[in-house]
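The first chain written gets the first letter, and so on, giving A, B, C and D; residue counts start at 1 in each chain.
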Amino acid sequence: GKRKVAARTLSHFLIFLILLNIGLAVLETVPQVRTTFGHHLRFLQLGSGFIFLIEYILRLYVADLHPPLRRYGPLWSRLRYAAHPDAIIDLIGALPLLFVLFLPNQAFTIVVILRLLRFLKLARYSPALRSLISAVVGERKALLGSSMIISGVILLSATLMYLVEHDVQPEKFRSILHGIYWAITTITTVGYGDVVPVSNLGKIVGSVVMLMGYGLIALPVGIIASAFAREIHSRDFVVTWS
Amino acid sequence: GKRKVAARTLSHFLIFLILLNIGLAVLETVPQVRTTFGHHLRFLQLGSGFIFLIEYILRLYVADLHPPLRRYGPLWSRLRYAAHPDAIIDLIGALPLLFVLFLPNQAFTIVVILRLLRFLKLARYSPALRSLISAVVGERKALLGSSMIISGVILLSATLMYLVEHDVQPEKFRSILHGIYWAITTITTVGYGDVVPVSNLGKIVGSVVMLMGYGLIALPVGIIASAFAREIHSRDFVVTWS
Amino acid sequence: GKRKVAARTLSHFLIFLILLNIGLAVLETVPQVRTTFGHHLRFLQLGSGFIFLIEYILRLYVADLHPPLRRYGPLWSRLRYAAHPDAIIDLIGALPLLFVLFLPNQAFTIVVILRLLRFLKLARYSPALRSLISAVVGERKALLGSSMIISGVILLSATLMYLVEHDVQPEKFRSILHGIYWAITTITTVGYGDVVPVSNLGKIVGSVVMLMGYGLIALPVGIIASAFAREIHSRDFVVTWS
Amino acid sequence: GKRKVAARTLSHFLIFLILLNIGLAVLETVPQVRTTFGHHLRFLQLGSGFIFLIEYILRLYVADLHPPLRRYGPLWSRLRYAAHPDAIIDLIGALPLLFVLFLPNQAFTIVVILRLLRFLKLARYSPALRSLISAVVGERKALLGSSMIISGVILLSATLMYLVEHDVQPEKFRSILHGIYWAITTITTVGYGDVVPVSNLGKIVGSVVMLMGYGLIALPVGIIASAFAREIHSRDFVVTWS
């Protein structure tokens, strides 16, 4: 009764804190926001960093009470818990604080990425990511097979386009690697338009790649989408082991 | 017999009037049309506005005759009807007239939006929107789960791209928010080409995001499309409570 | 035996002639080809035009021998056949000749379109188009319903974008009609990049439209694709009434 | 036992060698890499070329021991094996060496393509390509039918766009062939933006093509994707005849 309400309130608070932190990490890169609210943001980041650190320490401390881990004794149960993906994600969530405290004004890139990786903490509260991982693992052979076909088509069309367009646009198609970038933007139908064929032969090759690529990219996408739908419907959406 | 024909004629007339009004609201923003046919458009808009107002008043007036509402008495039945989404949509359809009458040459933005919102009145005559809502509600957990995954991927790729491209294109990748705009145009495969990676590392990150994003965006899309198809086939397409 | 072989040879020859004619109609618009091979192309076009005219006249002449038409008598059976879509397509295929003969150097646009419409003559030899029409007719209510939702979203996002971007880019977003063009390029994920939001608010609106639109456009596409697959698998691919 | 381990080690080594060769062929087109590591790359290419040649000769030599070929005698069994797609792919993998040895500094284009075609050698180790070929063959009628519809729509929209935009943008829409390039970029939703309609009528035609094309391109894609998923799930993923 009462303990369940407390647990739910706590988890709602933690979800809110994670979302707040991600929002703050994003907003902190906006120059106007940083100059105006820099101090407040820093304070909020530090505060929630402490909460995430305390959360990690507490979870690690009570790990020996978990039924499946209890039999390993006080030390091994905690070490085993620390090696669990959930615990590693919690540790990643607590790391930015340590970086900021002990390496001030350094390692900016790492701190920003680590802050955003706190998003992974939400995986604990949602079974969708686990469904996706199950779907990918279950269909790994079909995915690997169709990825190989797509890689081959990307490689071949990149090479053809490189050979056709290299002399006309030496800047855009400097090597086959640049051709691969073109092939990926084309086959995924993103089509930025920053690298396009200009010669007639290049346009013919490009048209064939577009028509073929559209069909090929659907092969793994269809497999993973239906496997995910099956997975997510078979789960009963109960958070099991938080 | 005869009453049914009258009801159908009236509903066809109202559908025609809604479509006419939407067309007029769109055309009125074309400068040439506004200068030439401005007066006629104004007259037609006012006229149909009155019809929508009368429709709303009449529907409200006869609300106490509806079998499921009758037992609430003359006042409460009408208040309950006024709170029904259908009645609110009808009220929104009648609002532009009131705005134009009492706030002339003001609140242009609101009036234009309200006029277009008359489109919602068509929902009364089609069960498709209700099917879509049922599909979304029925699959809300799967949609929320896959939306979370996509949000995470958008956030992470936006951050990576911001870190990689911020120094090369400080104008385009001013903050992670700009990176999120890039990530959304890329993952939905819209690919305008107004914000693209220019550095080699950025192109590699972009290629990975394209290949991953294409598969991820298919997860909720496949779920909602099949749920909608199921919903719409299970309905017998009879307008029930007009 | 022998007659069947003759019939198949004739139909293969006609398919070849149709494809040749379409190829010629396309090539004739290439300036270099027109100046060099203009006379030969004209000769080939006229020749195949005569064959299509003779084909139409012969088919019309023997129409009274068709079992389902025979009972209408010599005149009515031919008139009824002339009203059949297949006969109308054949007539369209024969029209360019008449235009060229009696209206030389005129009505260029109509002649080019009519020549390309000969493509429809291939529908006689393939049941795929009929499968598609059956699929569209069978799912017309679901398609109409989801088209209405998509129209509503296109209209609303066009209006919002017009209101947001009209002042910033009066050239690009001159009226809601221009906004509709933007909304269609965005929701279908074509994303040319010729009309894009530039203000921050416009980019937010655009991002929401992209994410929503991708899911909405899949609704009718999924319905029609699965209905088409069902139709085409249920047919036994036998040309029935040529 | 031991022989199986040896066979697996050899096939892993060959897969590694193929991937290495493809990587090197791609990297050799990067100017900086070619100038710095040119000699090493050349050495590696020649070395692996010899290994692929030896592999081809050995496979051909032992072809008369294959149970299904043994009964044809020493000569015919080898000739029959040489005509098998797998053997032809192996020969293609060995050809670049011969070209480089006997035609130095010539036929650059052919050598680059042949090197990349070594990718096909991987087909031996993955049943995915065979599943795709089976899926295409099994659904050839449905694919041909829907391809015909798409070709017709591409042709018709290319012609319409050519007629509408030719006078406004004579450079971009020089002939219907250029219109076909536009139509393919639009219908596959790639949408580079290098060729776009600028007139109002052109934008209307373009919008219709986008909305229609999106639905049409899904017809063959859906058929091939579900047939591929069926094929790949029915196979037991055992490499049968290596």
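Basically, a residue touches a chain if its C-beta (ideal position, glycine included) is under 8 Å from a C-beta of that chain, and two chains touch if they have at least 3 such contacts.
Keep in mind it's a predicted model, so treat the numbers as computed, not measured.
Interface repeat of B-C: among B-D, A-B or A-C, the matching pair is A-B, sharing over half of the residue-numbered contact pairs. The greater number of contacting C-beta pairs, out of the two interfaces A-C and A-D, is seen for A-D.
Rounded to whole angstrom, the centroid-to-centroid distance between chain A and chain C, based on C-alpha atoms, equals 43 Å. If you average the CA atoms of chain A and of chain D, the two centres end up 30 Å from each other.
Annotation for chain B: residues 180, 189-193, 221-222, 226 touch two or more other chains.
Listing the residues of chain C that touch chain D in their complex gives 22, 25-27, 29-31, 109, 112-113, 116-117, 119-120, 122, 126-129, 131-132, 180-181, 184-185, 188-194, 217, 220-222, 224-226, 228-229, 232-233, 237.
Touching chain D in their complex are the following residues of chain B: 189, 191-193. In the complex of the two chains, the chain A residues touching chain D come out as 141-142, 144-146, 148-149, 151-152, 155-156, 158-160, 162-163, 174-177, 180, 186, 189-193, 196, 203, 206-207, 210-211, 213-215, 218-219, 221-223, 226.
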